[in-house]
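As written, the chain order gives the labels A, B, C, D and E, with residue 1 at the start of each chain.
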Amino acid sequence: MIHIPDLAHATTVQVIFCFLAFITIATAFMTIFSRNPIHSAIYLVICFFSIAGHYLLLNAQFLAIVHIIVYSGAIMILFLFTIMLMNLNERHQVHRPRITRLGAIVSFCLILIVLIAIFINSKPIVGGYDSTGEDFQSIKVLGKILLNEYMVPFEFASILLLVAMIGTVLLSKKEKLK
Amino acid sequence: MEMDTNLALLLVLTPFLGFLINVFFGKSLGKTVSGTIGTLAVAISFIVTLLLFNQITTTGKAIEVTLFDWIQISNLKINLGFLLDQLSVLWLLFVTGIGSLIHLYSISYMHDDENLHKFFSYLNLFVFFMITLVIGSNLLVLFIGWEGVGLCSYLLIGFWHKNQDYNDAAKKAFIMNRIGDLGLLIGMFIIGSMFSTLDYATLKTAIAGASNLNLPLLSLAALCLFIGACGKSAQIPLYTWLPDAMAGPTPVSALIHAATMVTAGIFMVTRLNFVFDLAPDVQTVIAVIGAITSLVAATIGLVQNDIKKVLAYSTVSQLGLMFLALGFGAYEVAVFHVITHAFFKACLFLGSGSVIHGLHGEQDMRKMGGLRKAMPITFWTMLISSLAISGVPFFSGFFSKDEILLTAFHHSIPLYVVGSVASIMTAFYMFRLMFLTFFKEFRGTEEQKHHLHESGALITFPLMILAILATFGGLISLPGNSWLNEYLAPLFTKVAGEEQHLGTTEYTLMGVAVLGGLLGILIAYIKYFKQNNVPESDENITGLTKVLYNKYYVDEIYDAIFVRSVNGLSVFFRDYIETGLSTLVFGLGKITDELAFQGKKIQTGSIGLYLFVFVLGLCAIVSYIFLAQ
Amino acid sequence: MDNILNQIGIENYIFLSVVLFCIGIFGVLYRRNAIIVFMSIEIMLNAVNLLFVAFSTYHQDAQGQVFVFFSMAVAAAEVAVGLAILVSIFRNLGSISIDNLKNLKG
Amino acid sequence: MNVSTILIILLIGAFATYFSGDKLASKVALLFSLAALGCSVVLLNNYNAGVNISVICNWITQPKIAFALNADGLGLAMVLLTLALTPIIIFSSFGNEYKNAKSFYGLILFMAFAMTGTFLAADGLLYYIFWELALIPIYFIALIWGNGDADERRKAVVKFFIYTLAGSLFMLTAFIYLSQKANGSFLIEDLYKLELSSCEQFWIFLAFFFAYAIKIPIIPFHTWQANVYQKAPTVGTMLLSGIMLKMGLYSVIRWQLPIAPLAAKEYLYIFIGLGIAGVIYGSIVALRQKDLKKLLAYSSLAHVGLIAAGSYTLTLDGLRGAVLQMIAHGFVVVGLFYAAEVIFRRFETRNISELGGIRTQAPKFTSMFLILVLASVALPGTFNFVGEFTVLYSLSQINIWFAILGGTTIILGAYYMLRMFQHVMLGETNSKTFADVTLNEGISFAVIIAVLLFFGFYSKPITDLITPSLETILNVINKN
Amino acid sequence: MNTLIAITGLGVFCLLFEILNFRKGIVPFTILGLLGVLALNFYEFGSTESYYYNMITVSKFSTAFSSLFVILTIFLVALSHNFYENHQTKISDFIAIKIFLLAGAVAMVSFGNLAMFFLGIEILSIALYVLAASERLNLKSNEAGMKYFLMGSFASGIILFGICLIYGAMGSFDVVEISEFSLSAELPIWFPIGMILVTIGMLFKIAAVPFHFWAPDVYEGSPALTTALMSTLAKVVAIATLFKLISGLNLIPSLENQDHLHTFENIIVIISIASMTVGNIMALRQVNVKRMLAFSGISHAGFMLMTFLTVAASAGVLLYYTAAYALAGIAAFSVILYVCKNQHNEDITNFHGLGKTNPLLAAILTGSLLSMAGIPIFSGFFAKLFLFNQTIQAGHIILVIVAVINSIISVGYYFKLILAMYSKEPNEERTGKPFLIYAVAVVSITLNIVLGLFPSLVLDLLN
């Protein structure tokens, strides 16, 4: 069952969680609904920040920082760059047929209901969450795991980036004709 | 034994050899040589037959020859073998004898035809098959001959193949025969499954020794066999092919459609007398059908104007009489009539051929007349034969026909009356033919008249021989002292009929018959000699005559009922059922094709739609697996 | 140190990220502007990342967080490639509406 | 030496023909087909002498599929039919010039290869493979070298292909199902040993029936036939009607009946009835066909209907008659189609109404054609009579009405064949000249006619050859 | 593991070649290199090992499929030579991307950890997005790339979500650990949900109905060689990976524990039937050959899905089926590449009269189509046979009957192309006989037939 946090007796953490969750969801919606792509981008940045807040709440500081660097710092800049490059603004907003919106709303509701229903249906987690007390998410631990156990995927991710790099070059490189 | 085999093979294979020679070399040999070879081939067979006849009469034992296994069926094994007994040798005698004469006749008659070698090859082939039919030791070998003679009949009727009407006639003959053949086959199947043999000799002993015979089944077999006989011997309802078969050259009509092939049905029934004896119901059917056929054919014969058509209907009528006799179990009587009929009818046909030959192909009696002087030999021989067929005393036909009527009288008065009426009519139309053809003035064109002449010796010689036979043929079975009955006695299980004592009744009946015959002749005389009537031209024929002239419209009825319906069905099947089935199969393809066409519309190219379906699919799967319970 | 989930409950994180994920899906379906669609996809990925971290805390296990790094790398690579494609479309078509991409159909 | 030699010769022949070039192709093909025939005759001798000429070796381990060729009398008889007809068919095409002849003759030999394989295979799957393989060459032969309007032809040929393939795929499913029951084995003897429930047998029987009914064809699955016969080049038509149809009939005897005997027994009347309905229907439709080849196609439908009815009687006579009739029909139908081809070569038409009056110009051809026509209507003394008589006899043992209805083929067959003969050959001399048969044509005809007449009187060698294997099959059918 | 390293190295070398200005040598060198990799693979075959904390596990399954991928890549690289004739400046990039794609593919079948799986599939996908959109001036290619990218990343999101749920349930990404846990009775429902989501994501990659819509559009719009890659290599990789996921993570037993197995099987059956039917029916009216083959690919996906009903026993069958399908696809595409080179579309009209102008290639295309249609002696037939055999054994006879009916329908469109080649008049002459295309076509169809004649060679590999 959903535990609707009892706001009257809510702990600080719970209040923060609710607040962050609200911001996350609201800005996510705003991202989608705002007409100006630049506004969307800004809302999305806020959304990412709130997610970073969640990370912090979960005590994953390193991840939160990386998250902000990668998403807000890199990806969103890329987005904004592109938007600027294409000089997009409201006039590029094309007419959306009603059927499309209806379809989107229907599928949104449907998938939301289905997924939530499944999770509600599932056996609730009984008992408390154990805490080993060990440090499991400091930079040190993460670094060890990443470069020992996850060394191969780590290297492999470089291939992924290499492919993306080659790909982007390939897609934008003008051909020199003979 | 070796000797017998060789003789039998010689008997069968000489005509076949003649056929081969004529087929392959006939054209280069020239007409006379070709004809001579054909004639000789049959003549040799005739000589062999005489030898065999001699052997049979002296020893009294049948000769059996087995060549090799032919068809193997689980419970019956069919040999290719020959049985030369009294019946088959008797049949062979007139088949090969008359055959030789007609071959001889044909040399002259067909001399102007460019395909003479073919004609002789077909005739030889016919004789070959006829011999096979007669001497086969089992029903299946008989069937080879049976179908073979049908084939030759087909070939010879359609000999002048440029005329599609003749071809139609040939085809009709073949197909009607085939209807009968199916009956024969079915009969064979039944007999085969009942007795596990088709061999005459074995069959006879099997039937004799059998207890608990399934008589209804056997009767069915007999009936089927009789249908076969109907087809071949032109009985109702399968008789209509025979008059049409007159499209063939006249010697063919004489040989095949009068003397030999059409008697095959009688031969078969006689051969299987032990079967038919056990099926009295079928015998009754045979008798009734025979009587009706003889009457119907005779009535039609009354008004025909084509000289060969008259003879054809007469043949049908006479065959009917023979079946009448068979129906009463008087096999030897029927055989007797077969023989005499072969003589006089062959003679009549050949005579009419001589007339037609003289008139360069004219067959309509209305355009003849007065030929007596120009063609005396033809006239006299035909007159003798006409007298014979009319039952005028002391000619051969008198004895044989009288015996049939006598037998009929003893068994069934109504049938006797029918037979007698048919006989009277026979006398009438035969003499109608004689008067119209040979007396009074010639009614043809001047040019024909100019060329009128008696035919050559090759034509008249066979006529004379046959006329002699037609006169004296009756001697082989004189009432009360029948050589024939004695000769055939070993064949029949029953004592041949009730030995007929010649009593008052018999003499009275004889007198009645003779009077009847004379009456017929008299009417013809009055009508066509005294009153000098000439039959009306076709369009003026009215009333009953028209019905008769058009053969009771039987052809038209058959055409409407069978031919048209089959053809109509064929067109219907071709145009509707076939197309329908085809559309059905194509329809499956069309449906999928249409689905594909509609399906293409779903693939709109819109990413939104694609993702929408994606999400729907996801929801459906997830909810089906996790929420369905 | 106390497990933070004792106060919030893993379910709530699941629901949060499911909602976020669905918003992402909704965005993809709702918007025709390719850039916004990309952003929606980023929202989806982030929803998952959030859940990874939550599960990581739940299991007291760092692997989930390590996976988030990979997921970020993937997201970055995807965005790079996606934007490159988008730019070339924009050059050819002068528009970035995905509704204009309907030439291939049937 | 064993039966695989034949297959090897034919396969090598197919390739050799393809690589010999357009000019030599026909002769090379003839040579190889004759070699295969010779080889099969030698093998027949060996077989009669009791030498084992069968082959069996493993091919695929899982599921267990063996390369098993079993030469029993029945198989050998069919192989001989195939290999005797192939040279005749190839030789008969010598008068025609084909574009890309090397592929054409190569395909013919390949088809002979596949058909021979079908008749010999003793493993369900191997059999199925050959069965399907035979379909490919004829598809191309009909498609590329066929005649008539290209679109129509395409439609007809594709229909034929899809239709027959559809049927055989159901057979494949049945085979797979059977092999599950037989512990993964497809070997015929293992399949024979299966004891299936009557429900299973029913479905298996039906699946086989689809394949065979379409191939044979039994009405109402015949709609592909007439069109394909008409559109295919005559060589293709000969291959189809002479041999390929027999694959279906052979398979009924070899596979369908012994594997699902209970179903066969239970629905005996229905299947015999279907066969006989085919006889009557085919004969009637044939009557009013306008195209000579189409008429022959429907006549073929009628004849195979009778053969099928014979097979479904499940009696020794029925099976034996069916096999005899298969062989006889194979020869006669090839001859008849060849006659149609000979006419087409001269007049460029097969439309019956445009023909006629050929007899005066070509007496030899007429005689040969007539003999074939008569053989086709089963005149006693021809091989066809032996077959037809035996089949009808067996039918009469089941029910006399079957024999009577089936026997109508005697009447109707004579009707449509003679009608056709009359309109094609007889009548007033045709205004166009018709050269009589050439030597090559004459040889082909003469061989066919000689075979038909010889076995018409002396079918013992074939009967002796096939009877033991048919008895074996019957034993399997009647095992429970 | 060695394979993966070797392939990656090869990809880097390709990039270096560009720098060293050695473009001419790229294709032969890469082919040689890949042959070396293949040899390495053969050498490794049979060993079962795991490397680097079980990130990569080498098993018969992975080596066999890797070998298949390598072979397919060899063909695709060989075809590149001709295809990129006019794009010499980019050829090294193209080849390198293909090689990296292969690396991703190999990782996908030999992963021992879901991280490797995820990275592998992303490498594969991103490479494909790039290749699909690689004709930057061609709007169709752009559109294809965009569609594929959008939908692909959407699917990736779902896969990621699934992985996340699996992690949530198991607390580990390690395949061995997960498969052990998955058998325990007390299992959070997250695991099956996660698995289903991953499965759905993979179903998208293999283009199964209803996640198939992208395939025809993308296949049509992409450059022909990319289409070849997608329809052969990518599809095979995806299905093999999905198979490995389902079998490796013990999805089936865990579903059985929770009474979900029946519904899962039903889903598979329904998707399989739907894919076959939709794919085949939609293909009937296509005029573009690539599009037609896309639909054909969808239907084949349906066939391949049948193996999931008998996961325990059908790895060999899947390998055989994919090999047969991919080899036939390569042969077909090499002919299509030849025919449609310098044409602005791939419509059937381009194939008119090919039987006359170029009988060899026409025969090869015919052969490959016959193989796809399942006509013996081509391996496609045996593939279907073994598949049906397995499926009947599992008791899904209805499914097999539907599959049979679908095989019949499929003949309709395969033969449309054959008809066009043989019964229509040629509309233009083609000159030039590019050796590599011929070689690829001949070798692949030969391999296909050899597989048909000796199916045990492949079929028994995984037993």
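The rule is short, and it goes like this: a contact is a pair of C-beta atoms (placed from the backbone, for glycine too) under 8 Å apart; a residue touches a chain by one contact, two chains touch by 3 or more.
This is a predicted model, so every value here is computed, not measured.
Student: Quickly list, by label, the chains bordering both chain A and chain D.
Tutor: B, E
Student: Between chain pairs B-E and C-E, which one is joined by a greater number of C-beta pairs in contact?
Tutor: Taking the two pairs in turn, the one with more contacts turns out to be C-E.
Student: Among the chains, which is located farthest from chain B on the basis of C-alpha centroids?
Tutor: Between chain B and every other chain, the largest centroid distance is to A.
Student: Taking the mean of each chain's Cα atoms, which chain ends up nearest the overall Cα mean?
Tutor: Central by C-alpha mean position: chain D.
Student: On a C-alpha centroid basis, what's the spacing between chain C and chain D, in Å?
Tutor: 66
Student: Report the inter-chain centroid distance for chain D and chain E in whole angstrom, where each centroid is the mean of the CA atoms.
Tutor: Between these chains, centre-to-centre, one finds 43 Å.
Student: How many angstrom lie between the CA centroids of chain B and chain C, rounded to a whole number?
Tutor: That gives a centre separation of 98 Å.
Student: What is the distance in Å between the mean C-alpha positions of chain A and chain B?
Tutor: 103
Student: Which chain B residues touch at least two other chains?
Tutor: Residues 589, 600, 603, 605, 607-609, 611-612, 615-616, 618, 622, 626.
Student: Going by the contact rule already set, what residues in chain D reach two or more other chains?
Tutor: If we look for residues of chain D contacting two or more partner chains, we find 162.
Student: At which residue positions does chain A touch at least two other chains?
Tutor: Counting only residues that touch two or more other chains, chain A contributes 100, 103-104, 107, 111, 115, 118-119, 121, 125, 149-150, 153, 157, 160, 163-164, 167-168, 171-172.
Student: Identify every two-chain combination in which the chains touch.
Tutor: A-B, A-C, A-E, B-C, B-D, B-E, C-E, D-E
Student: Any idea which chain A residues touch chain B in the complex?
Tutor: 100, 103-104, 107, 110-111, 114-115, 117-118, 121
Student: Provide the residue numbers of chain C that touch chain B in the complex, in ascending order.
Tutor: 25, 28-29, 32, 98-99, 101-106
Student: Can you list the chain E residues touching chain C in their complex?
Tutor: Within the complex, chain E touches chain C at residues 114-115, 118-119, 122, 126, 129-130, 133, 136-137, 139-140, 142-147, 149-150, 153-154, 156-157, 160-161, 163-165, 167-168, 171-173, 216-218, 220-221, 286, 291.
Student: In the complex of these two chains, what residues of chain D are touching chain B?
Tutor: Checking each residue of chain D against chain B gives 159, 162-163, 220, 222-224, 226-227, 281, 284-289, 315-317, 320, 357, 359-360, 363, 367, 374, 379-381, 386, 389-390, 392-394, 396-397, 400, 403-404, 407-408, 410-412, 414-415, 418-419, 422, 426-429, 457-460, 463, 467.
Student: Residues of chain E touching chain D in their complex?
Tutor: Residues 316, 355, 359, 370, 375-377, 381-382, 385-386, 388-389, 392-393, 397, 400-401, 404-405, 407-408, 411-412, 415, 419, 422-424, 455-456, 459-460, 463.
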